[in-house]
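Think of it as A, B, C and D in the order they're written, each chain with its own count starting at 1.
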Amino acid sequence: MSAIQLRTGDRTESIEILEQTGNKVKLRLGEKEYQLDIVKVEKNIFSLLLGNKSYNIEVVSSGKKNTFSVKYICHSFNVQIIDAETRYMQNRLKASGEDGVNIISSPMPGKIVKVMVKPGDKVIAGQIVITVSAMKMESEYKSGKSGIVKEVMVSEGDIVDANAPLIVLE
Amino acid sequence: MSAIQLRTGDRTESIEILEQTGNKVKLRLGEKEYQLDIVKVEKNIFSLLLGNKSYNIEVVSSGKKNTFSVKYICHSFNVQIIDAETRYMQNRLKASGEDGVNIISSPMPGKIVKVMVKPGDKVIAGQIVITVSAMKMESEYKSGKSGIVKEVMVSEGDIVDANAPLIVLE
Amino acid sequence: MIKKILIANRGEIAVRIIRSCREMGIKTVAVFSDADRKSLHVRYADEAIHIGPAPSAESYLVMDKIIEAARISGADAIHPGYGFLSENAQFADLVRNEGIVFIGPSSESIRLMGDKISARNIMTQAGVPVVPGTREKISDVEEALEAINNIGYPVMIKASAGGGGKGMRLVFKESESLQAITSAKSEAKASFGDDSVYIEKYISSPHHIEFQVLADRFGNTIHLCERECSIQRRHQKIVEETPSPIMTESLRREMGEKAIAAARSVNYEGAGTIEFLVDDKLNYYFLEMNTRLQVEHPITERVTGVDLVKEQIRIASGEKLAYSQSDIFQDGHAIECRIYAEDPDNNFMPSPGLIKKITEPMGFGVRVDGYVYEGYEIPIHYDPMISKVITWGKTRDEAVRRMRRSLEEYYIMGIKTSIDFLEKIMEIPEYINGEYDTHFIELHRDALFCSDHYPAEIEDMAMIVAFFEYLENAGAIKNGSSHLNFSNWKMQKRKNNFNLFRH
Amino acid sequence: MIKKILIANRGEIAVRIIRSCREMGIKTVAVFSDADRKSLHVRYADEAIHIGPAPSAESYLVMDKIIEAARISGADAIHPGYGFLSENAQFADLVRNEGIVFIGPSSESIRLMGDKISARNIMTQAGVPVVPGTREKISDVEEALEAINNIGYPVMIKASAGGGGKGMRLVFKESESLQAITSAKSEAKASFGDDSVYIEKYISSPHHIEFQVLADRFGNTIHLCERECSIQRRHQKIVEETPSPIMTESLRREMGEKAIAAARSVNYEGAGTIEFLVDDKLNYYFLEMNTRLQVEHPITERVTGVDLVKEQIRIASGEKLAYSQSDIFQDGHAIECRIYAEDPDNNFMPSPGLIKKITEPMGFGVRVDGYVYEGYEIPIHYDPMISKVITWGKTRDEAVRRMRRSLEEYYIMGIKTSIDFLEKIMEIPEYINGEYDTHFIELHRDALFCSDHYPAEIEDMAMIVAFFEYLENAGAIKNGSSHLNFSNWKMQKRKNNFNLFRH
């Protein structure tokens, strides 16, 4: 199966452009066919006309390759594009067993205030392992799974990005 | 002479960076030395601190290679960067005599309403040669020089960009 | 109540109308030409319908296409905005014949006010002053002298067959009048073979002052005070304000009453504007009535608090006016500057093109009504007005200073605009003092069009910035501090992140 | 008059202060930490001085560095904004000892109002009501009953040694009180080994209502009416409005007089705010005084027309108040929504980071005070508030609808913000009807934090847009219509152009 697939939440659909003349596009998303007028009007903003309905939709890269944050008024979606390369990488990871790695990553950018564990420690799911501070607020983070700490990738005082890996479990 | 030169209006100055640490730059522009903190804050916008003075300066490409439109509050400048390549091109043009070509170009984007001359016609400086319309306003353009029309590059009804060449004289 | 409105317009006014509709919970339908697929009104509306090629004559001015778009979308009303079909009586009829609400006055009102002669006659009957003058040819010298005396000085004598200034004489006092008449007549005779003349009052330092009116279908008509619109270039308004610096409370009451009388005389319904010429003695004369929303309506909105588009919609829905005259007063002072895509230093030549960067002014007392955005290419086909800045102040002085601050904050790169020119106007002492008439731009040419004076340092900084932009484009400082997106530690973290998932 | 002001702050309030200074023709000096070189206040000020590393404790809170910066730049006044050093009496003294104007009250006023006990005592002496309660331990049951009767129901009985809810009893009527006292005492005894209690009036549905005051050094003190600030999350205001939906004209007059009395009792000078707790019977109690500008000051500016920053500067310059109490009235209705860089669906977790795209609301009745821009990276070191939207309406209903429209227009991409959460507040019927108190967010959890409901179509469109963005990034449609900058004919012309100069 070589078609491109889109994933948002639990939903995965294949997509295919059937016809395209300038802005006017006919495409199939899953079982549905759409005839629409789509044009990128600004950096990160698309204007869509579906029938006569006008949609103004913003899109930015989510930081992960081929994954986009999409927003329409107050509705937000995280959409992953699954192309041949993605599938290849996923399969490779699966084959090597590396998708089993458990990484606790930072849900927000901030400063590491306290690391409660060190390599070799046993942690149980729900245990607080790290405290991160940002914008005058401290947040404690729990491990989602149980396991042995393989590596602690940050030290107290470090400044980290959102989604930065903090602790590797095995 | 291999240093880069800057030209604005009638003024040409050489420029050289003497020291640079992060945003902090020491440079020489013509005879003057400046020590400043310069940082690009947005697409097309630089923030400069000179002493304590804060300048917020916008810059966009003027459309011509290595030429920039720069704006500070209500002051506008057109700055050309003369680097080795520019000098080479200029010399080549000079050598081939091609810089002598007289081109009447459109001062604004618009629609060609009327072309008053055809190839072979003799025009004198100040003679109206073309009418361009844009935004509900028609403007008549005069030839800056006298000569024989070599080529008319547009037809009535054509839509042209600003600076688009309209008529070549020889 | 109206549920869905088609806006038969484009640009800032279409966006502005959509905003009020959104606040009222009314759905909107945009129409667009080939040149406007990316235009903001298409993006902001709930629906958008394509109506043809770029030239207005093939799209925005084609009545059938607009009505067809309303039918397709199920719009129950059409708002014409200003310009285009807004003062076209035939269009108003066509719309209403389709059973669609036309948000505007009756076609009869539009027709009567659209014809200068009929409007002048109606106004005279309604007791609204018009510019005094003879309306018939005069050949007899005695008769001419009598007419001049009736009109009062100064007067302009014009050759009936005239044109190009021939046979024209401006007369300031009685001692000059006989000589002026005879010389005008002989010049007229020599030029046109006809020595008859006519005589009109000469308004020497005129102000353009207009009154906003609102009228419902139950005969309630109110005015929302004046707008001073004397700052003009090529007979087009560029700066407006309210209150007018020359207005007095009693004159406002009197002119307001005349404006109401003017509207009533044509059974006006909706929002409309009565334009007057006011001379330096505060005599006022009816000029014309605009039977639609004005470009400069926001300054009235700001000082009275009334959202005029909402009132238009309510009136068109058959509601009674929510305001009586005593509810209306001017709170503080508002100024509007119109931003045009044009080059003031080059005879105001149009400057359409790509907006490379835009920074709008914000903060207390500042409103911007625009439609262009970064990456938008202004088409060559339509009006050069791209936005309006409206500032408010507790006093006129505060409004002027706030306007200056706002224009300083307003950056548009990629095209030429009138922003800097407007900023210069705000710095002319006569403007600051409110001492100006329609001759203002002409009178202050030197100050307005003079070349810039600035410290040498500024030019140096401009050269340096161009140099750094050149370096960045050339990739010379790609990983340096001038790089916008990521500080160094972030780059580092991102790299780690990436490695982790790939190893 | 002050000529140059150093703003000892950052973020939106620094930018907001600079705007008023510009309108007054006063030069400005920004200070900045390592994290703020690209911050908007540095760009907008006339001068900018670096004062140290990113953490506030090493930059914005270091008094000596601020004063040194003022000395270097020759600033003759310092405006502290809010937060940071704004309510630090020692800083006010240090600044004044340097011969620099501190734009704010005397250090004595700051000190007296900064201490809760001293403030409460001063208010009681000045006749300003405070929350009634016993201020001493009570062990005797009879004494407790008497205290309850003096205070009036409902009351809260609290263990003197207490904490964590132990020994606490809420009493609504007399029949419950004896039982409540004895059980509270015994629980207190069991928990803490001390059965003494104290009793406080229980404010069951409290409103946070504050009054803005202005006072000059000549003893003129006025109030600028109230602000309703009851919509809070984690004890932080997020939506404010004026007038308060529960305010009456007579209560406004009475509370306003008390606010003036409160300010006078500490010889207050400048702009300040008296916060009250108001119960559902409209009894009001002094809570605290903020001796600086408030975040929510713009709603007062909008309905009264007074630029509060300008008034602060004029007062600090030694001018007399330009307004008397009778000049002040509320015109229409104003609402402020605070935009935070945080994730409301994730316990309001902070969300600093890079702003990838920002589109601000515009049009009639909308003010945005912010400081972030496209390409700006919000630092992790400071407050998560990034901007404020202020809307005005002739009526409360119009202001609410305009706020909803404005939040809909407001897009910030790259970080999480509270915009959507605020939009949901504007749609809750109780908010729309003005029926809320400080429990609002808690009470409406389900509606505010519920997952989105939307037509399936929306999700499809989102997926399609992601797909097209992916295609464009992959270069698959580089020359297609989705390409932003040039329409086809333009590309053609450019090419011709190029060839011409190269052939």
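Just so we're on the same page, a residue touches a chain if its C-beta (ideal position, glycine included) is under 8 Å from a C-beta of that chain, and two chains touch if they have at least 3 such contacts.
As the structure is a prediction and not an experimental result, all values here were calculated from the model.
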**Prompt:** Which neighbours do chain A and chain B have in common?
**Reply:** C, D
**Centroid comparison with chain C (C-alpha atoms), farthest chain** = A
**Prompt:** How many angstrom between the C-alpha centroids of chain C and chain B?
**Reply:** 33
**Fill in**
chain C to chain D, mean C-alpha position gap in Å, rounds to 38
**Asked** How many Å are there between the centre of chain A and the centre of chain C, using C-alpha atoms for each centre?
**Response** 49
**Asked** What are the residues of chain D that contact at least two other chains?
**Response** 359, 373, 375, 408, 484
**Request:** Mark out which residues of chain A touch at least two other chains, giving numbers and ranges.
**Result:** 23, 39, 41-43, 159
**Message:** Under the stated contact criterion, what part of chain B meets chain C in this complex?
**Reply:** 4, 6, 8, 11, 13, 15, 20, 22-23, 27, 29, 32, 34, 36, 38-46, 48, 50, 55, 57-61, 66, 68-77, 79, 81, 83, 107-111, 134-137, 139, 159, 162
**Residues of chain D defined as touching chain C within the complex** = 15-16, 19-20, 22-25, 298, 301-302, 305-307, 331-332, 354, 359-360, 362-370, 373, 375, 377, 394, 398, 401-402, 404-405, 408, 484-487
**Fill in**
Contacts from chain D onto chain B in the complex sit at residues 29-30, 37-38, 42-49, 72-73, 373-376, 489-490, 493-494, 496-497, 500
**Message:** Quick check: in the complex, which residue numbers of chain D touch chain A?
**Reply:** 341-342, 346, 349-353, 356-357, 359, 380-384, 408, 411, 413-414, 419-420, 423-424, 452, 454, 457-470, 472-473, 480-484
**Complete:** chain B contacts chain D in the complex at 23, 37, 39, 41-43, 47, 49, 51-54, 56, 103, 153, 159-161, 163-165
